[in-house]
Structure formats: C-alpha cells, structure tokens
Amino acid sequence: MTYHLLIQALDRMGLIHAISGVLYDFGLNIEQNNEFVDKAHNRFFMRTEFSGSIDEEMLVRAIKGRLPDVLIKLCPKSKKRVVVMVTRESHCLGDLLLRARYGELDMDIQAVISNHDRLRDLVEGFGIAYHHVSHEGLDRDVHEGRILDAVLDHDPEYLVLAKYMRILSPEFVNRFPHRIINIHHSFLPAFVGASPYRQAYDRGVKIIGATAHFVNEDLDDGPIITQGVIPINHTFSAEDMTKAGRDVEKQVLARALKLVFDDRVFIFGKKTIIFE
Amino acid sequence: MTYHLLIQALDRMGLIHAISGVLYDFGLNIEQNNEFVDKAHNRFFMRTEFSGSIDEEMLVRAIKGRLPDVLIKLCPKSKKRVVVMVTRESHCLGDLLLRARYGELDMDIQAVISNHDRLRDLVEGFGIAYHHVSHEGLDRDVHEGRILDAVLDHDPEYLVLAKYMRILSPEFVNRFPHRIINIHHSFLPAFVGASPYRQAYDRGVKIIGATAHFVNEDLDDGPIITQGVIPINHTFSAEDMTKAGRDVEKQVLARALKLVFDDRVFIFGKKTIIFE
Amino acid sequence: MTYHLLIQALDRMGLIHAISGVLYDFGLNIEQNNEFVDKAHNRFFMRTEFSGSIDEEMLVRAIKGRLPDVLIKLCPKSKKRVVVMVTRESHCLGDLLLRARYGELDMDIQAVISNHDRLRDLVEGFGIAYHHVSHEGLDRDVHEGRILDAVLDHDPEYLVLAKYMRILSPEFVNRFPHRIINIHHSFLPAFVGASPYRQAYDRGVKIIGATAHFVNEDLDDGPIITQGVIPINHTFSAEDMTKAGRDVEKQVLARALKLVFDDRVFIFGKKTIIFE
Amino acid sequence: MTYHLLIQALDRMGLIHAISGVLYDFGLNIEQNNEFVDKAHNRFFMRTEFSGSIDEEMLVRAIKGRLPDVLIKLCPKSKKRVVVMVTRESHCLGDLLLRARYGELDMDIQAVISNHDRLRDLVEGFGIAYHHVSHEGLDRDVHEGRILDAVLDHDPEYLVLAKYMRILSPEFVNRFPHRIINIHHSFLPAFVGASPYRQAYDRGVKIIGATAHFVNEDLDDGPIITQGVIPINHTFSAEDMTKAGRDVEKQVLARALKLVFDDRVFIFGKKTIIFE
C-alpha cells in the first residue's frame, strides 16, 4: 500500500527531523518528500509518499506524540469517489469520462448530474449514471435541494463542476468544504462572473485562459489550483474564443484533478500549496 | 525603398482588387500582404509591403481616386525616433538600449528621461542623452510640464514608457495620440493599478503576466498590443514575482515595439489589429 | 455555400489583382484572404474564403483563363470523410471521437481500424464501425493488404494515424498522397523512430513534444503540420513522459486536423504553408 | 550567512532523518529543503538551504560521521567568479552584462574573452575587461592555448560560452569539469552541430529552441540544464529564425545560470537533477 502523509504546522526547528524519525521508527522508506515553509505566515507544509503495511492510527498517534499541534492527513493512495456536475457543454465532461475509463485520473465517476438532458447519451455510453435534474419552473432553492439529494445519494469525496453554469448557494458549498472543484473559463481574477469570453473580446486581450479552483462562498474567489492560457488575436470573435477556450479549460481541469486526487494540494487561507 | 501601406475602410466587395490594381498600375510588386475584415463592425484592414521608387503623394492620390473614403497611411520603412521614459528599474531600459544599438528594433533612441538619476550611467554608457527631471518638491502639473518640455526637445515619433511609474495626465497623453506605449506589469485587465504583483500574490494566482499597450486617457485601459505570461507557484513571494516578472515585461515590451515600429498595428476603437 | 479557394503559382506582379478581379466579376465578397510569397523559391500561395452560389467549374475556368499556369483547388467547406487507424492507445482516438461527435472538427469518422481489439467498446459506444485487422501470424504485406481493403471500403478523403504503431509501406502511402496524417510522439526531428520517450529520458531533455505530419515514403520525415511541447524535469521516468506526452499528442493532432480539414494547409516540397 | 548543502548518496532508509538530525544538533533551521530519489539508479539527492554561523568543516565532518559514504558539497551563498567567452553576437553577452550589473544573476564577470574585437565597446562600457584573442593565422591548438591563458589569469569558478562559436578540445574542457556552460541555438538533440537554424528551416519545423548545457568532451552532448522554445511558421527564413532565436537563447542561458549559481543543479551521469 502506498500512503500520502500531509502535515501542516507552525514552522520551527526540527520538524523534518522529528517526522522523518517517526517514519524511520516504523521502518518506512520515504519515496518522495516535499516541504515548503511560508515565511510570511511562519507555516510549514510537508507531503511524504511512502509504501508499507502500517497501522494508520498508530502512525498518526506516534506523530502526534512528538508534535502534538500539527495537522495530519494520512491517505492511502486510492481512486476518489467523484460526482460530476454539468450543464450543456461536452468538452470537459468527455475528457473526464475518457480519463477515468483509461486510468489517467485516479477517480471513479459515480454519476453525472445535469440541469439539462443533453449529455445523457455520452455519459450512459460510458456506463455511468446520468441524473437530469431540470431547473425549469423551480425556485432556485428547490432545484438546489434536488441536486443536493442526487449528490448525496452517491456520497462522493469530491464534486467536480465541469462547466456547471449555475451558482451554488453558500449553504450548498459549505456542505462540501474544500471538496468542490470548478473550472472557470477565464484567467481569474480577470473577467469574474458571466460571459468571460465576451468580456475578453470587448477588452481586446491577446491571451485568454482558464482557472480551476476550489469553490467557496464567494463566486469565482476560491483558492486557485491551476491556470492555463492560450494566445489569441484580433481575428477571434467571442464565439471563436469560446471554442478555442475549450481546449485549455479541459486541460486545466484535468491537471487540477490530477493534483488533488494525488493528495498534492494543501489549502491555506485563500491559497493553495501544491507539490507537483 | 520599402514601403508599408496601411488602409482602413468600410468593408465592401472589390476593395482588394481596387487597391492591388493601383499598385499594379504603378508597377509595384507586393512582397507581403495581409487583410482582415472585422465582421462585427463591417470594417476592412489591409497592410501591404512593397519595394520600389515612387512618388508617395501620387500613389496616395491614386488610391483616393478609386476609393475616396478609405483611411491611408503610407510609411517608408525606417527607424522610428523614440524617447524612453523610466523611473528606477533597469531591465526594460537595458534591453531596449541593447536592441537599439544592435539593430534588433527599428528605433533611434533620442533620449531617456527619468524622474530619478539612478540609470544615468547605463544610458550614457550607450552614448545616449539622459535627462533627470526630478519630481521632488514639485506639483504634479509642474513636473509633467518639465517632462513635456524635455520630450518635445527631441520631437519623437513615439514615447516608450519602460517602467515609468507615474501617471500621465489626459492632457499630456492627448498630445501624443496612439504614440505612447506602456508596459504594465500584470496580465491586464487583472490587477489594474498599483502593486500588481502584490495583488497577484494576495490572490494566489498560478500565472503572472505583462501587457504592452497604447496609453489613452484611462489608466491601464488603452488598446492592448501584446501580452505574455509565466507560470509561478506557492513558493513565490511578491518580491519573487517582481523579479520573475522582469523577464516577461521586457520581452512583451520588445515584441510590441517590433510590431509598432514595423507598422503592423492598426488601432480601431479600444482594440488593435496586428498583422504579425 | 462557403468556399475555400487555394492557389499556388510562380510569383509575379499582379497575381492578387488578377485573382481578386475574377472573384469581383463573379460578384463574390472575400471574407478572408491570405497570401504568402516564398522568396527563396519565388512561389506565391493564396487562400481565399468566400460565400456565394457559384458554378464551380466556371470559376476555375475563369481563373485559368487569366492565369493559365496556376494550381487551383476549390473546395466547398464541408465535413471530410475520415478513417482513423489506431493500435492500443485510447487518448488520441477518444479525443477525435468526441470532437467529431460535437462538431469541434469538421470530419465524419467513417470507421476505426486497428491491429488490436482493445478499443472496440470505446468506438462502438460512439456508434462507429470498428474493424479489427490482426497482424498476428501474417506477413507484413498480407496484413497491410487487409488494412488497405478495410480502408478502401470506406473511401476516405483522409487517413488519420492516431497512434498506429506499425510502419506503412511506400506502396500503401503512395495510394494516399498528402492524405495520411500521423501523430509522432516526439518533437521531430529529435528522436526519430521507436521509443522516443525512452530516447528523451536517456538524453535528459527538459522538454518533450509531439509532431503531426503528413506521411510520405520516409519514416517520420513527411511535411510537418503542427508541433507542441511540454516541460518535464528529472523526476520524470520514461513512463511518466509517456503519460504526460499523451496530452500534447492529442492536442497537436487535433490542431493539425482542424487546419487540414479547413483547407488551410499547402504542401510545397517537404514543407507546409499554413494560413491560420 | 546562508548556506547551500548538497548531498548525493545511495538511497536507503533514514537518510533525511540522519541529515536533518545533524542540522538540528547544530541548531540550524532549514529554510528550504528538496529531495529526489532516482529509483532507476537507487540514488538519493538532497539540497538544503539554511542560515547561521557555523564551522563549515565541523558540519561536514558531522555528516560524514553518520553517513560516511555520501557526497557532500557545502557552499556559502555567494557571487560566482565568471569568465564569459563570445564570438560576434551581442544578445546573450549584453543580457549577462545587464544581469550581473543589476544583481539579477549572482555572478561577478571577471572578463570577456573573444576571438573577435567586435564587442569590446559594449563590454568596456560596463567597466569589464575585454580580451581579444584572435584565431587568425593560428593553429587551433595555439589559439586555444592563448584562450586558456587568458581564462586562467582570472581564475574563474565558471566559464560561460555565450555564443562562442568555436569547438573546444577535450583537453581544454577537462580542465574545467562541470564548470563550462554553453548555450546551443537549437532544441537539442535536434540539429546538433553547425547552422541549426538552417537545418530547422530545411526541415520545416514549427518550433525552434535553445539549450543550455554543461560542456563535456562530446560536442552538444553534455548534461542539459534548461531548454526553451518559440513557435515559428512558414514565413520564417533561416535568417528570421536566427533573429527570433536570440530571445529564447538569452532567456534559456540566463535561467540556466541562475540555477547553477544558486547551487541548485546536480550532475549525475549525463543528466541533471535540478531543484527549482
């Protein structure tokens, strides 16, 4: 079994020595190790990958014994249970379905939920459940409640918004802290909100981008995981940008998920620390 | 002699045929030709490069004869007369001095004007005049007046703000319409205004950038010429970003100037059409 | 109907004027126009996009009337008939299936042919015919003959080798001149031949890439259409490179096909002229 | 004082614990730490940055005491003494002169040596000695001997070949093992040898690049430090590529030197391990 050990602490002398000491006592060989000290906040982050057969609780207790105040997350390397939410666009979803099927991302897609019925054939062709939860004629709250029910049925570790074009309420978001990942079709914080490609067209930018981020209560303001860009020029209409942007959107989302599902992402305040 | 012919017009059938007909009548061979139609505004843009010995006025009159309403700019390919303005940072300025000296940019730097005296040695080492126009103890208007005098002494075709960190008044800007080029140290429109790297640090972005643009009356809002980006990560402090950003700033500015000085840039409304 | 008009000729004065004159006479408005003169070979290339209802033969004859020696290709904008060939890898194929289904590439995939049976489910899930033509126990010639029969059954305009890992004979290739497009998993001409990622690993490069090219008689030596790269570092094993390379392979192939199917690619000698 | 501690060893359990233990015993706080295990060769690499006032020998002895077989390099963070060698091109040299002067690279340029006299003014304008060692009328050996004398006069830690266009003999190279850094104007291993841009033009590639590498006995075959690329297209002549390539050459060289001078580069066999 391979494990990912993530530790956060107030920085001080001897942390690496103490933690590596516990692993040594357990007879574990470190296969990959990364540390980072955020000097502005005097904060220490460490991710360790090791293999072996251990009693997980005992290891955590041993670390806590030496370093009582640290935050510890110990995850066996494993496929994450994921629910994907979409609206009408196929490019991110299609890419995720392929990557899940062929093991390019460590996830099991439990179900796809959409407020439209457009992508059912695609999803079911991959043998995955598709839930159409229409928003038509429903109050926002009622619709979101139905979405929530559909999500909870599958008890996912992560929710991936693969171009889900409706805003989720803070109540919804707070049920899944640090567990909802969104792809936004702009280079945040440029072009927050609706129609970012139209905004980019109007401003005459020469590069467009996409941003994968954790969703928090504030729209488009959660901790950023990955960003990507592509050059454009004066020949691109807003619609051309939309088409060209699809490729960067799906790549950026896939890269973000790879990092998250491999337990490489720490969240600290409004930012991420990522050991690539 | 090589010429650059730039034409703007309301789009309609037969424009290319009519213009190329005039050139044919003058016995000129087209060496490079680019056209673009902005369908949203029904606007036609064309840049033609040709060599030959011509009466410039006669050629312009011949085109006007067939197409009375078009905007025509006919420029002999030549080095542009440029004044560079800086504050304290050397990286863009140094790069421009080298490129001017070794013919990598088609410009003659007439003078460098700064509100500090820090970069005098560098500039004078290249045999170029350095004017220190201190702002200390002066009203903004008075200082800008002195800057203006220094600029006008050199009668430049273009003013290049190579990290000039003071805001120019609309009155100043309007004396040089479409002739002032600025390098802004962010990927506009993200992080408008002061301390963009600090803003980028606080937001936790994963990519930073730079933007070269024409200066108009509104801060950081002029037509964008070129943009560039570099990836960063959680290990970058705001100061690290400032350092890393220097490389992209100078590249983006140099690319913009290359395009402008080669008469490849049209301005239409708040945007640029650029034939690379 | 939208048309793409491609013209190649010995360069001389008046070509643009003559061609645009014919279009004007036919009452056609040019929507997009690109020209290029290869000065080293004194060769002129032009691509024109226009809409209208025309007698195609008459237009071609009219151009030939004025310019008897030019090469003309007049294509109505349309979906290309395509056969895709693969071996065992899913990433390029999956991407093409998605793009064809959702109109991101102007192609109809007539069939997928493979020397393995591994990707049948994927392909048939998209409602497309899958032909397994095993090479086991067969002479190379015999196997290729069966592949050829399967291809010819579908009469494709283009053959796309989406990680087809067997070498095609010159005889096969010559039946489809300029109509076979391959994705090679290296930044050609680095790492020609087998196991390019292993070669890249052994050499310790810091960037890997992919190349989409037309297939000619010489292995990995046909005219290059598009190339792409991604940064790597010392932590990448050859297998890690293989995985990371998939993303650039599929992007590079998709970009190449977009250009080819939109009739934007000229082949001249061993090179391509591409009007993006 | 800030120190960089570089350790190489056969991988085994407990290395990090043991090394960090020594640092802890010396009362040193680790400010930055990176490890890498090359599993294919069972080799461990670690770079540690710490500040403090230490007896360097004592620290090394303490580590050797616990881990007798490891390779240790302990460097106080400091400016490196550098000699730059050039032929006729100014772009890399000019960039290095600026970066040295304004502290963007941790180096003191002791002198510039060239087989031409072309760049004297530039170098002397920066207050640095310029040695013109003409090769005209000299045997290769004799010329190289004079170059060597000029180099040794300045006792440099590193020799930087900033477009020095002559091949150095193995004897010369072996006097400076892992201390000569070259910028090659292609994306190695594509286009080894002379006129890489001409080779790139003839092949019709769509991307060109540059490679910074340590020089060893085999031409263009030393361990690669950094590589960079830029897109090109059919409009680029070989000369246009040469011009466009200058920007990537100087960036790639500067990035390589930054890493080397910051003691971030391990050499192992024909490859580099780099902790960025």
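In order of appearance the chains are A, B, C and D, and numbering begins at 1 in each one.
As a convention for this text, a residue touches a chain if its C-beta (ideal position, glycine included) is under 8 Å from a C-beta of that chain, and two chains touch if they have at least 3 such contacts.
Since the model is a prediction, treat every value here as computed from it, not as a measurement.
The minimum number of touch steps linking subunit A to subunit C comes to 1. For the pairs C-D and B-D, the count of C-beta pairs in contact is higher at C-D. Separation between the centroids of subunit B and subunit D, computed from CA atoms only, is 35 Å. Subunit D has its Cα centroid 40 Å from the Cα centroid of subunit C.
Counting partners per residue, subunit B has 39 as the residues that reach two or more other chains.
The residues of subunit B lying in touch with subunit C in their complex are 12-14, 16-17, 20-21, 23-24, 27-35, 37, 39. Of all the residues in subunit B, the ones that touch subunit D in their complex are 90-91, 94-95, 98, 101-102, 104, 122, 125-126, 243, 246-247, 251, 254. Remark: subunit D residues 36, 38-40, 187-191, 203-207, 209, 223-229, 233-235, 237, 270-274, 276 touch subunit C in the complex.
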